[in-house]
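Letters A, B, C and D name the chains as they come in the text, with residue numbers starting at 1 for each one.
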Amino acid sequence: MIDRLANGFDPFVIPFMVGMIFVLTYCGIGFLVILFQLSREDRKRFLLSLVNPVTAWKNIKDIFLNCLIHVKLWKRNRMLGFMHSSIAFGWFMIIVLGHLEVWLFVPERIRLLYYPIFFNFFVAETETTLQGAVFFFLMDFFLLLILVGIGLAMIKRIRSRFFGMRRTTRASLLDTIGLYSLWAIFPLRLLCESFTAHISGGSFLTVPMNHFFRWFFGNELNYLPTWWAYSIALGIFMLVLPFTRYMHIPAEMLLIPMRNAGLKVRHPRRGFARIQVLSCPGCGVCIDACPMSVRKENLKDCTVYLNRQIRHHNERRITEISEKCLMCGKCSEVCQVGVDGPLMRLKQRELKKYSINQHYRNIRPDSFPVEGTGKVLYFAGCMTHLTPSIRKATMSLLSKAGIEARMMDPDGGLCCGRPMLLAGRQEQARELIRLNTAIIRSSGCDTLLLTCPICYRIFKENYKLDGIRVVHHSVYFNELIQSGLLKVSKDESRTLVYHDPCELGRGCGIYEEPREALLAAGNLVEAHQNHAESICCGGSLGSLSLNYEKRREITLNAFENLTAEQPDAVVTACPLCLNTFSHYADRPVEDLAVVLDKASES
Amino acid sequence: MDFGFTLSPSSAIELDTLDSALYRKLCRIEPGARTCIGCGSCSATCTAAEYSGMSVRKLLLGLQRGKKAEVERMLSNCMLCGKCTMVCPRGINTRRVILTVCRLYDNVEGTL
Amino acid sequence: MIYQGKQKIWSDYQKDIPDNHWFYVRSCIRQSFFPASEAYFVKIVRDLLGKDLYETPHHTTCGGIAYHSDTIPQETAMTIVARQFALMKEAGYKNLVTSCITSFGNYCEILETWREFPELEARIREHLWKACRREFDKPEYVCHASDVVFKLRNEIAERAKFRLIDKETGEPLRIVEHIGCHYSKMFPHKGVGGAEYPCVLSGMAESWGGKVIDYPERRHCCGFGFRQYMVKANRGYSVSNTHKKFESMEPYHPDMIITNCPGCPYFLDRWQYVISEQTGKTYGKDGYGIPVLTYEELAGLVLGVDPWDLGLQIHQVGPEPLLDKMGVPYDPSKKYLGLDEKELRKPGLPNVLKCC
Amino acid sequence: MLLSMKETILVVGGGIAGMETAVQLKALGLTPVIVEKNSSLGGHVAQWNRLFPDMTPASKVLDPYNDALKEVDIYTDTEIASINSLQKEYAAVLSNGKTLRCKAVVFATGFKLFEAEKKEEYGYGIYDRVITNRDLERWFDTRSDERVPAKPAAIGFVHCVGSRDVKAGNSQCSKVCCITAIKQAIEMKELFPDTEIYCFYMDLRLFGKKYEDFYINAQRDYGIHFIRGRVSEVAETIDGRVQVKAEDTLSGKPVKVKLDLLVLMSGIVCDRANNELARSVSLPLDEDGFFRSLDNIAGVTCTDRKGLFLAGTCTGPKTVPETLAEARSAALNVYQYLKAKKK
């Protein structure tokens, strides 16, 4: 292999170089800005994590698996997985191999940015070597891989259902430009390399095409324009990249180490949030996932659009989207990049200023004396007071199991604080937490039993109750059953379906215990979408703006999902889900406790 | 000059002069607020009622009757627990009503 | 306001007023508040119109104020009233004319009570006899002095020297008429025109050329309300009531207020000063108040009596703007001279309210 | 004069509406056939003890039909499998296999009493001392219901249970609950003179003849307490009674009271079971789930489909007299319709 051109330059590389330099500087500056936006301790933690070998290795692994191979996507949808990884990985390999070639054959050119990309233009093959042949083969192979990927992408554009996606995002103008330039790049590269195959060598793909072209066009002068086109396509792509969804390519490479460093969203726009927003590839998986999408008017309220609005600085819409969300957390569950949509919205809510700010200074914890000495303290919570069946069943189950339990709020108590937290009003939530903590401490209990996942989550995440076990009744009763303290007789004739409440499932990762417990009482079928993918009942306190009639379809859709297997009854473990479903239910909706209570003998 | 007595303010609600700007704005944001039938379910079930006299019914009435000051006191202990929303027979989004009032109380023209 | 509608109501509340031979009983407080008013009532009726009006020096209070202030029981008031009736019987009269609205109300109330409970009347006769060996007949007619003037209004109009007309513009004066609560609110049929749209005063005003204005709080009490004023702790309510009335009549720019009760002219007049001091607001043109006159004073003015002889200088609110409008001649230098041309002490002037 | 026409008319539903229609059709010389899904006629009225406002025994309304319906074919325990419209008539397939050819169909399918369980916060089916208005009527008949204590110290009535409540999927007023509550309150007071009785209402809608007098009696003669506030929560006390939470909206204060018996005034809601039937003859339903009349003033008993008529509470909440009146007018509609077809 030798240089064909003495100066190793040709004007057609200029478009590429312009784009390349632009993109590098843009990302460089952007990176610094974001780094600067991080709080001091976050920055410190991040930089340290980069040099720490453990996290460093994790970073490399994650970047390779997520950005190039798209493992998560493979798990979710093979077609999409293959499409994305073929393009990403293929392209990556082509670049790597390009550099290797330069490094091996014309090391003195290694410093030229464009050389590895347009290698085949600048070199001439003197004699065929195995080494060269291998390289040419790999090059062609990966190019073919990419072309297949591109092909699939085109099909996806036309028929997204073909990929099992019901809805996908509508691309903006720049996105489209980026997309088409991206599509153009690789066919063009194929052309270029085919044209020059007889000079600079080629393999199973390029050589035959080269022969065909030579036979077709005769002379070989017309290959220069294609190299121009190739370079221009690359240039355009890189010029528009920062302003399109393709920004996720560089952004995700920063997001992964940041996440591995344990950074969290602190401000809805700056620092980590910014990089999250940029990392959103706009794939639109969250649109189908979002329970609100059953109403057409809500289609543009899911996380992918939140990210887009944040990039467009559309304050009105950002607020609207943030307040509408049910905070069920499904979007972040399914997100490939791991964008934490709910947290972004929460932080957005925290920015709101209020002229009336609630306080609870006038409420004294000792006005809630907890009688008795039982070690188990049962906090029913606001919602459970409106679903007496749960409260009654829970108390009866406890007595059946011979457990001495007391109620913390027999005649109504204070709110756990989660609703305030979800409204982004930490100050108020903290005050409620302080009050409740005092009450619980004064009771001298060692176990805090909860029937409401909303309460359970905040007690678990935000309360400091060291020495006291915070447990949800689904878990607790399951233990009692497994340990034999609670005798439950199985009704073989009755099939139940379990609805995973958002706060309990995605929120606290409790999926199996309730099912185990229910299995003791009846046969269990699964909902169409279940566990981490269960659909919010629509009653969530998370949404601040959705009103009753607008939640209707959400509930109906969630219920339909549950009753796919035609169970005799729907079982949930959350008073709010229970209440919401029973408004529209065509079959009994019961709380786990009630089912167990009916099935257990005293 | 001090006479040892002064004009005592009228207790009447002057419907044609009272300031209902906040209520009107509220209804633009949450039209459901207009549908209250004053059944009192919200007040009865309210977790904060016994501390601050919180009552969405009174809140809505107060805003319509230009009794802003009472509204502020009333809202001071709300915990946003959502029981009122759950029991409202007209399906009013009471939590949104509360948050909206808290937000606009001093600045009716403020946006959400 | 549909005028015909009012007339219809008036026709329902016709009150027959005897046209002669009256037994006149004076008011306790008017004699000190507006001495000239009663004096000129007597002058007009007796001397000008040559009617028979009798009054006796033995007449005392009717006990109305004490009764309404909860300081004497009704039976006491009844016995006092019985004595007045006895005096009338002794003088040989049957038509009682009271100068005071509260007395009028008191008499009516007592007579009605007796009609309902004859045994009570019997007991009172007994009381009276035991107390002063007197016997009484119930009057055939009880009417208020304003009823009499209402009856004679046209005769007065014929003799009028000035009419209630703005001599600059030729427009009739805008007049607020205020009826004492005890005149007809207790017994609508005992007042000319009833309680809702009494026409006893408006009748005079209109026949003398003025135009009566109806304002929303027309029916409202002047604010005296006995306890409301007499207990100092309650005076805030008293003045607030008056304030409410003035706020309500202000947009109509009244030229004057005419009243037929002892308390009303006094409070409508004096509270204007208090309100002006407390709120800095006056209800007349450029800093003046709205002149408040008794119907006798007004009758006097119409008949061309000198304002100072009518005692208008004793009013808190200066009458000058009204006099100017009517074109009644007056000598400011004589304002504070007594009848015997002797200098009365000139009052200090308020801070806000313009008085002369 | 009567046209001599022996045409068969199908009457769906054997409640008072259906029975009255049948009687009138018979009188007009037609041949009604009643199809009733339950084992006996009489519908909801049969489950009631006495009727407002004159405390008329329900039997007094129902008994006359025993004779009046002697010559009328009645299929009880029978449902309509399907109705198909033919050229000039309808063919109804019954669940017992029979097929009826009829010139016209009168739907008198009635209503459903709201399932009080759905308002869980009231604890029906959860607490020992909570019953519905129907349970109480049955108790008046049988005097056996362990939920009704022997000597109640205090009884509460909750109006508007499942009525005027979007959460219960039922925003309309059931019309009869206010007066029924007053009737039952009076009856209880007569049985237990020393018992305190509270009625929790949102609005008292006493529109009918003598209803207001009934209300005055309840206040004046029976000393029943009326509290303007909707019950929001019911909890069980340690001694097995129920504690009711409401707001006394007139004083603006929360009220709490412990009761020995809580009676829920379940409202009148549409019977979803009729949807299939309605669809089969393409009769439109209103958004509240009841049958849609041709119009709500002059055509309440008519539909926009030839030969199909409506009577009684299948078009919305109604009182007994209203239902009877409608049944009669429906019968006349049928008669006129056939007469017109004859010409």
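Throughout what follows, contacts are C-beta pairs under 8 Å (C-beta built on N, C-alpha and C of every residue); 3 or more make two chains touch, one makes a residue touch a chain.
This one's a predicted model, so the numbers in the text were calculated from it and none came from an experiment.
> In terms of CA centres, which chain lies closest to the overall middle?
B
> Hey, which chain ends up farthest from chain D, C-alpha centres compared?
Most distant chain from chain D: C.
> Roughly how far is chain A from chain B, centre to centre by C-alpha average, rounded to an integer in Å?
Taking the mean C-alpha position of each chain, the two centres sit 40 Å apart.
> Could you work out how far the Cα centre of chain A sits from that of chain C, in whole Å?
The mean C-alpha positions of chain A and chain C differ by 88 Å.
> Any idea how many Å lie between the Cα centroids of chain A and chain D?
Centres of chain A and chain D (C-alpha means) sit 53 Å apart.
> Distance from the CA centroid of chain C to that of chain D, rounded to the nearest Å?
Roughly 67 Å separates the two chain centres.
> Which residues of chain A are in contact with two or more other chains?
In chain A, 385-386, 548-549, 579 touch at least two other chains.
> Please output the residue numbers of chain D that touch at least 2 other chains, ranges allowed.
Within chain D, the residues that touch at least two other chains are 121, 166-168, 233.
> Chain pairs in touch?
A-B, A-D, B-C, B-D
> Mind listing the chain D positions that touch chain B in their complex?
121, 160, 164-168, 202-203, 228-233, 245-249, 252, 254-255
> In their shared complex, at which residues does chain B touch chain A?
These residues of chain B touch chain A: 30, 32, 45, 47, 51-52, 72, 75-83, 85-87, 91-93, 95-96, 99, 101-107, 111-112.
> Show which residues of chain B lie in contact with chain C when the two form their complex.
1, 3-10
> Give the list of chain B residues in touch with chain D in this complex.
These residues of chain B touch chain D: 37-45, 49-50, 55, 57-58, 87-91.
> Quick one: which bits of chain A touch chain D in the complex? Just the residue numbers, please.
Interface residues on chain A, with respect to chain D: 385-389, 392, 411, 548-549, 578-579, 582-584.
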